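Okay, so here's the structure we're looking at.
Note that the chains are named A, B, C, D, E, F, G and H in the order they appear, and that numbering of residues resets to 1 at the start of each chain.
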Amino acid sequence: MNKTTLLELLAAVQSGTITPTDATQRLADMPYEDIGHARIDHHRTLRLGLPEVIYAQGKSPQQTTEIFTRMAAAGTDVLATRADTATAALVLASFPAAVHHASARAITLKQSPPEDPKGHIAILSAGTSDQPIAEEAAVTAELFNSKVTRLYDVGVAGLHRLLSVRDQLTSADVVIVCAGMEGALPSVVGGLVGVPVIAVPTSVGYGASFDGAAALLGMLNSCSPNVTVVNIDNGFGAAYTAVLIARASARRS
Amino acid sequence: MNKTTLLELLAAVQSGTITPTDATQRLADMPYEDIGHARIDHHRTLRLGLPEVIYAQGKSPQQTTEIFTRMAAAGTDVLATRADTATAALVLASFPAAVHHASARAITLKQSPPEDPKGHIAILSAGTSDQPIAEEAAVTAELFNSKVTRLYDVGVAGLHRLLSVRDQLTSADVVIVCAGMEGALPSVVGGLVGVPVIAVPTSVGYGASFDGAAALLGMLNSCSPNVTVVNIDNGFGAAYTAVLIARASARRS
Amino acid sequence: MNKTTLLELLAAVQSGTITPTDATQRLADMPYEDIGHARIDHHRTLRLGLPEVIYAQGKSPQQTTEIFTRMAAAGTDVLATRADTATAALVLASFPAAVHHASARAITLKQSPPEDPKGHIAILSAGTSDQPIAEEAAVTAELFNSKVTRLYDVGVAGLHRLLSVRDQLTSADVVIVCAGMEGALPSVVGGLVGVPVIAVPTSVGYGASFDGAAALLGMLNSCSPNVTVVNIDNGFGAAYTAVLIARASARRS
Amino acid sequence: MNKTTLLELLAAVQSGTITPTDATQRLADMPYEDIGHARIDHHRTLRLGLPEVIYAQGKSPQQTTEIFTRMAAAGTDVLATRADTATAALVLASFPAAVHHASARAITLKQSPPEDPKGHIAILSAGTSDQPIAEEAAVTAELFNSKVTRLYDVGVAGLHRLLSVRDQLTSADVVIVCAGMEGALPSVVGGLVGVPVIAVPTSVGYGASFDGAAALLGMLNSCSPNVTVVNIDNGFGAAYTAVLIARASARRS
Amino acid sequence: MNKTTLLELLAAVQSGTITPTDATQRLADMPYEDIGHARIDHHRTLRLGLPEVIYAQGKSPQQTTEIFTRMAAAGTDVLATRADTATAALVLASFPAAVHHASARAITLKQSPPEDPKGHIAILSAGTSDQPIAEEAAVTAELFNSKVTRLYDVGVAGLHRLLSVRDQLTSADVVIVCAGMEGALPSVVGGLVGVPVIAVPTSVGYGASFDGAAALLGMLNSCSPNVTVVNIDNGFGAAYTAVLIARASARRS
Amino acid sequence: MNKTTLLELLAAVQSGTITPTDATQRLADMPYEDIGHARIDHHRTLRLGLPEVIYAQGKSPQQTTEIFTRMAAAGTDVLATRADTATAALVLASFPAAVHHASARAITLKQSPPEDPKGHIAILSAGTSDQPIAEEAAVTAELFNSKVTRLYDVGVAGLHRLLSVRDQLTSADVVIVCAGMEGALPSVVGGLVGVPVIAVPTSVGYGASFDGAAALLGMLNSCSPNVTVVNIDNGFGAAYTAVLIARASARRS
Amino acid sequence: MNKTTLLELLAAVQSGTITPTDATQRLADMPYEDIGHARIDHHRTLRLGLPEVIYAQGKSPQQTTEIFTRMAAAGTDVLATRADTATAALVLASFPAAVHHASARAITLKQSPPEDPKGHIAILSAGTSDQPIAEEAAVTAELFNSKVTRLYDVGVAGLHRLLSVRDQLTSADVVIVCAGMEGALPSVVGGLVGVPVIAVPTSVGYGASFDGAAALLGMLNSCSPNVTVVNIDNGFGAAYTAVLIARASARRS
Amino acid sequence: MNKTTLLELLAAVQSGTITPTDATQRLADMPYEDIGHARIDHHRTLRLGLPEVIYAQGKSPQQTTEIFTRMAAAGTDVLATRADTATAALVLASFPAAVHHASARAITLKQSPPEDPKGHIAILSAGTSDQPIAEEAAVTAELFNSKVTRLYDVGVAGLHRLLSVRDQLTSADVVIVCAGMEGALPSVVGGLVGVPVIAVPTSVGYGASFDGAAALLGMLNSCSPNVTVVNIDNGFGAAYTAVLIARASARRS
């Protein structure tokens, strides 16, 4: 609900088109659709630039499919993250055009017309096991129309692998780095590029990795000042912010 | 050291202008100046877009002043963060043009010619006590030529304060939010703007705030997907990344 | 065992109706029924205002049913929390009038005569996944005869959803707020109402939510002073205290 | 800003008394006074029932005194918590009628006319060292016009001390329990009274008390369901909520 | 290997009965039997007063049975803790006289001749769910010939239950207290008896109990100085020490 | 208040010597003296076998001296732990016969007539830095009339030092082991003796010792089953329990 | 990629055998084989002395087998750690000469010609349950051609077991110590030998062992200065470093 | 006490030169000198290869000087770590030949005759602030006669600094890496060298570095298998083990 809408509403009150009591009601009712177990925010793209996304974990396949259906009806692109195979099966039964990205645990439905990608995101993973999180980021960024370059298995213990992809790194508008264990990769990458680096700690590791806490702490203490951090295994969040940065950067040409 | 430089060096080797052994030496010697207790990276702006910055904490006033002097001699803008008053006094004795920002604990020396700001950063603080960290961010962003709007004491317990500055929020290219205690402000702000939000947990609080850990965890778990996080009290790091984003956004016009 | 009872007992000793040795025995035997694996506190309503409740987790269906039966025999309302479906089936086989609230994992048996609700509790959840905990609170409060208003999926990232239910919020005598992830909702609600807010951190989230610890810490550090906190996922405890407050408030008219 | 005020404002717009643009401005400007380093919320009593309170820690004596002065000018009772002696001296120099409660580290200024206390709060401390936190609670509750009964040094290792004050306990509308070390007292008290118990963990202890974390965890896991918890050493917050409960309870007669 | 044995061995060397090299060998070989995956300490009773015990968790049924068999062959009483039902079945197939204590997850084989119990141990549990740990303690103590009094479900939220068993408490030589959640019971018991209290934190609880850590911390911070603590769920260890204390106390008559 | 006293009181009620109301009062008043900031428990020796002890930390020298004076007036031995030099000076000014044990930070006043020590306690420290905690234990045990053998600087890295004092170890009725860093000494000692071992983790160490937490965890996980644990740096508590055990053991002869 | 190779490459550029652009390409391409989900580092032995190893956990049997096959094709010895039985079955189907070490969860393929072992490693385990980790270390060390002496079940609670194997200990070039629970064994061993001790905390234990964290902290705080530590359950890493040390030591003769 | 000594002692017993009782005494008395507050281990070099070292922290200047004097009298090289300036002054007053290394907080006294260094240790620090810990390592290694190469301020954010010292790195027998903040440097170095890397986490950093815990966790989770770890800020321990490795390696020529 932005200022313009508020002024229009107040102007309608002034002109008598709408009563104060009704206006109060409108302020409350307008922004979402209440379907009992959820309040769907159809105006989010208008307000925030990107549509609402379904976090499927902890929801039944039925609940996810119902929300998916309401969102699809609104005509926007739809994304469900952390979707298991049962959920994917149920959604795809209703939406044959939807795609299940198994490794990324994501379901996407592209409804917007094709257009040229806006901005370029490089997505790195330190090891093979970090790939599912990296893929969640990649699928998110591609649905939201960014160009994505995947650079996987380039961990710091074999520095030559990383240095060999340096050109691809430096051409990106923003870099996402997924790493578990000691989480050292974002610091090294941060020293190689002049763009923001979004670090995604992953729960890959054992023992004193404490399910990703070690990587998280490492990234928060990065000595490279262009590194910011998201939650453990949050590939989606990293991509969401990266898309916003990539779009801004893309406007330059 | 970017690819172009490497190719030029290799071309010089090919043309016989330089021997392989000398080239190996050049690769090692070129990028920094070794002054014993530190290796100063004068080429950083060239490589990464922004100059190296002095982290004064844990350095003696003499050490900081020496590094400051070497950097100033290179002609770039100079920034020292976490500088106490003794350090500030010593630096300003040598550099009367430098400015000591007491609340932000920062020293700046502007040497680059004035130019129009590139991009707009809104910096919020939840409470009065978060102000020093917010100021560290503001001083950093202004030295690096971003336009800064300060919006202080707008914590979530009095929501009307935040809503009253909404217009200023939504006109920014990127938002920095400094908050201690429960660290809830970034999530609320994230739901109000369509640009990246960089969250800075502060060590403000007591008891179960555990010196900022509660705010840090809150921000990492933000339900707003456009929020990324830096270390506790790291106003500088937040501003550094914000400047990169603001510059990219600024190119649009 | 309150003071009156003690005086009566001592008076009986004085009058010779009961010997000192028997009195000592009475002090020990009176307050509970020992069924081997549990000591059931039938006098709790008398002493504390609300009956004892069965925490079914970690008990076998047989054990829970046995305790349920003893309590039902005493004629009070009976509540079992954290009951799985096997337990529910066994209890309902004996008590067809009992109700199994599946989402809330609770079993209730209403035996007291119907009366007008005493006091009004608003129960909020930040997201759809927090609903089971919110329902545990709602079922508890309704059994103990409070009026309950459910306001679900009103998290802080879409502030308009919360603001649209503000009238319902401000008419409550006490508010329960269930939230996982960053746990920011109680602080925002605390700034909107002039009554106590009981915050229930939920284990909803992943990674650095550490099974609800992030939400718990956030709530303990709330900048709204009318917020108190219960254990993670403890919807029952929140409702228990809320009922006590609502009853006190209800006496005003 | 409650609904009535909003309706009045909209009605003023409808009647033409105020323009939509001015109304938008009013919504933003009305609720606080911006004095640079703080935004003072003069309407808080109207909105939330109790006035805003100054948290003096981390503020200079000058800052605290300035905010104190502005609040006093509004005619309400004024409370500053966590005030050191330097701050107290500066405030009392301007306000000779203000009182410095040294043990509680609080400054109060009573400006409202005397009236009968509303509701009764019992405040317990487990040991002598918990007394400053208990006093912070007591001073807060008394300023906000509750009757306070202090019951200090009644820890669980000498149960007879607690049992001897049971009558005073059971006559209260709400009980505050301050305890460090193992924090067991709230559970025991919770089993003796039929009213809400607000537990305040204190940082009293050493070693594995981890500055109050042990007491905090103990209280959150209380087996008495009428116990809710506030932050470590947060006597003020406990009293604030207790006052709200006591007032509601007091209306009964 | 006590001093007497060493002197005897040295005396044998002095007398020429045994060579120095053989003596060195004896020192190494004597104390245990090496069966490949374990070194069984048959002399432990001689050395330490109580026989070695099999910790079955993490061992296969075959491994446990093999060690059980070797120990039984030595004629001492045998105890295996943390034994699952498969292990119990296999052991009992070979030793029909052995007993499987299902709730305590223990297997015992009594081979020593019956004698009067030495010393008296009271074992308390705060709730029904703490019973398995309390039973592990009870089974251990009884096998090692202590008199055991079980006092279960006497948690602090219903203090009258505890007070009613006070006579039984005060007649014990040592008290074991098993409690989860806030772990408050040992402090209260410690204030009622003049003998050592051994506190066993249990993993009973949820949320901020962190699998028994809350109870553990509470017990370590007990304000009763006669409380010492063992590991979470370590009923066996508590009983082992309690038996040593009870035996010492029993010698008095 | 033991059973005998209760029966006597009830008998007095029965015989009419005392009224029920007075008896209720007696139950409450008898056990302690209320001096405002503390409730002194003069009957503790009667009830629990050992007198109450003053924990001086967090108390002013005046407060400690006042409590010390009241206790001394009752004629028992008096002990104040964690007393700084200012407190010691003030106490000794009033009680020239009191002794200040500087290393142990303890003040003792022996008033009971001399008698033969009851039982034998061996007190070990792993390193020189653990000595203050070991001394707190030693001073406590000696005041309460146990024989103490000090065995200091016998850490596990030089095992021969420990083995050389083995005879002294095995003659004790109970052993106290103070160790910081990895806290390994109690496990080793536990394997050498057939009596209870009370482990005291100390805050000696740095880095990942986390102020004694590493030693505490090590001791709780001891593979020697005769080890129980007290709080970090709690030499007093270890000695208190050790005295109880030593007394019981001493009765044998 | 070492310096010699770089000089040769630059010399080739100088002589015109290779162009600068090709040389840049060579620097990037040479060191690994990219098979999509992994980048295999065939030159690692050349560069670092030991071949790359497959960490099978988190990889599908197919992925592990594919990488195994590529590595085997390069002719080096191949090791896969943390391999489950399904993976072992699939690998052995292709490589009948490979060996599955079930307890160690490792698969080895020896392809290098037999030679005399270089250096001697003693591997200790504190208890039977630590054996799988100790075996992972042993299998690794033997594949890399070290002599291994296994000394299992020599925990500190029965010191005579450890002392009886002292000769075998002191003849090793390096010692690996695997221990869970309190992790005390490395400190004791460190005091007995004059060579490096590599400590491996294991996740053996329960309750306050926190999955090996207690043992880890204990080992990091070891009072023996010749102890270094690896991650919890990281038998492979300990052996890897031990092999490097053993080889260096072996060169002496 | 090694085996040879034991055999000689036993042989003396056999030959009647010494009685069994005296031999037992000898076993206890021989290995150390007891000076009351410490037991000095003069035979340590004989037993373990390197002399005992004084950890001065927590000792008074007098205590440290006394131990220093006893050790110096034995003729070995003497090292005191963590010595403050007062201690250094007192020691140097007695030993003018001793050296105080202020940055490293160490005091050394070289008494052994000069000889060629044995083995080569490279010591790296990530930043200027890690230098004191690196110097503690360097001073230790040099006293124990290793060749040391210092490579400071080579953190991963400016990878070219590290790569430029690669030749010096690869010529070392063992590498010590000191790093705070995210602690990423050991992983990168581990991938560049074929020798053991000993990682020393430092307490350099702020906020979520938690006094070095972040760096510690990062290093324990290193993806380079040749990395082992010591306690936070333990430069001495790292050097001690490095010296043992360097000596072994040095024997090769």
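We adopt the following convention: a residue touches a chain if its C-beta (ideal position, glycine included) is under 8 Å from a C-beta of that chain, and two chains touch if they have at least 3 such contacts.
This is a predicted model, so every value here is computed, not measured.
Peer 1: Can you name the chains that touch chain B as well as chain E?
Peer 2: C, D, G, H
Peer 1: Just how far, in Å, is the C-alpha centre of chain F from the one of chain E?
Peer 2: Chain centres of chain E and chain F, defined by C-alpha means, are spaced 25 Å apart.
Peer 1: What is the distance in Å between the mean C-alpha positions of chain A and chain G?
Peer 2: A distance of 38 Å separates the two centres.
Peer 1: Once you find the CA centre of chain A and the CA centre of chain H, what distance in Å lies between them?
Peer 2: The computed centroid separation for chain A versus chain H comes out at 49 Å.
Peer 1: Touching at least two other chains at once: which residues of chain E meet that condition?
Peer 2: Within chain E, residues 3, 158, 191, 207-209, 213, 216, 220-221, 231-232 contact more than one other chain.
Peer 1: Go through the chains and record each pair that touches.
Peer 2: A-B, A-C, A-D, A-G, A-H, B-C, B-D, B-G, B-H, C-D, C-E, C-F, D-E, D-F, E-F, E-G, E-H, F-G, F-H, G-H
Peer 1: Which residues of chain H touch chain E once you look at their complex with the stated criterion?
Peer 2: Chain H residues touching chain E: 3, 6-7, 10-11, 13-14, 16, 19-21, 23-24.
Peer 1: Show which residues of chain H lie in contact with chain G when the two form their complex.
Peer 2: 2-3, 47-50, 53, 166-167, 170, 173, 191, 193-196, 198, 216, 220-221, 225-231, 236-238, 240-241, 244-245, 248-249, 251-252
Peer 1: Along chain G, where are the residues that touch chain A in the complex?
Peer 2: Residues 1, 27-29, 31-32, 37-39, 41, 44, 57-59, 63, 201, 203, 211-213, 216, 231-234 of chain G touch chain A in their complex.
Peer 1: Residue numbers of chain D touching chain E in their complex, please.
Peer 2: 126-127, 155-159, 181-184, 187-188, 190-192, 205, 207-210, 213-215, 217-224
Peer 1: How about chain B: which of its residues touch chain D in the complex?
Peer 2: Where chain B meets chain D, its residues are 128-129, 131, 152-154, 158, 160-161, 163-165, 204, 206-209.
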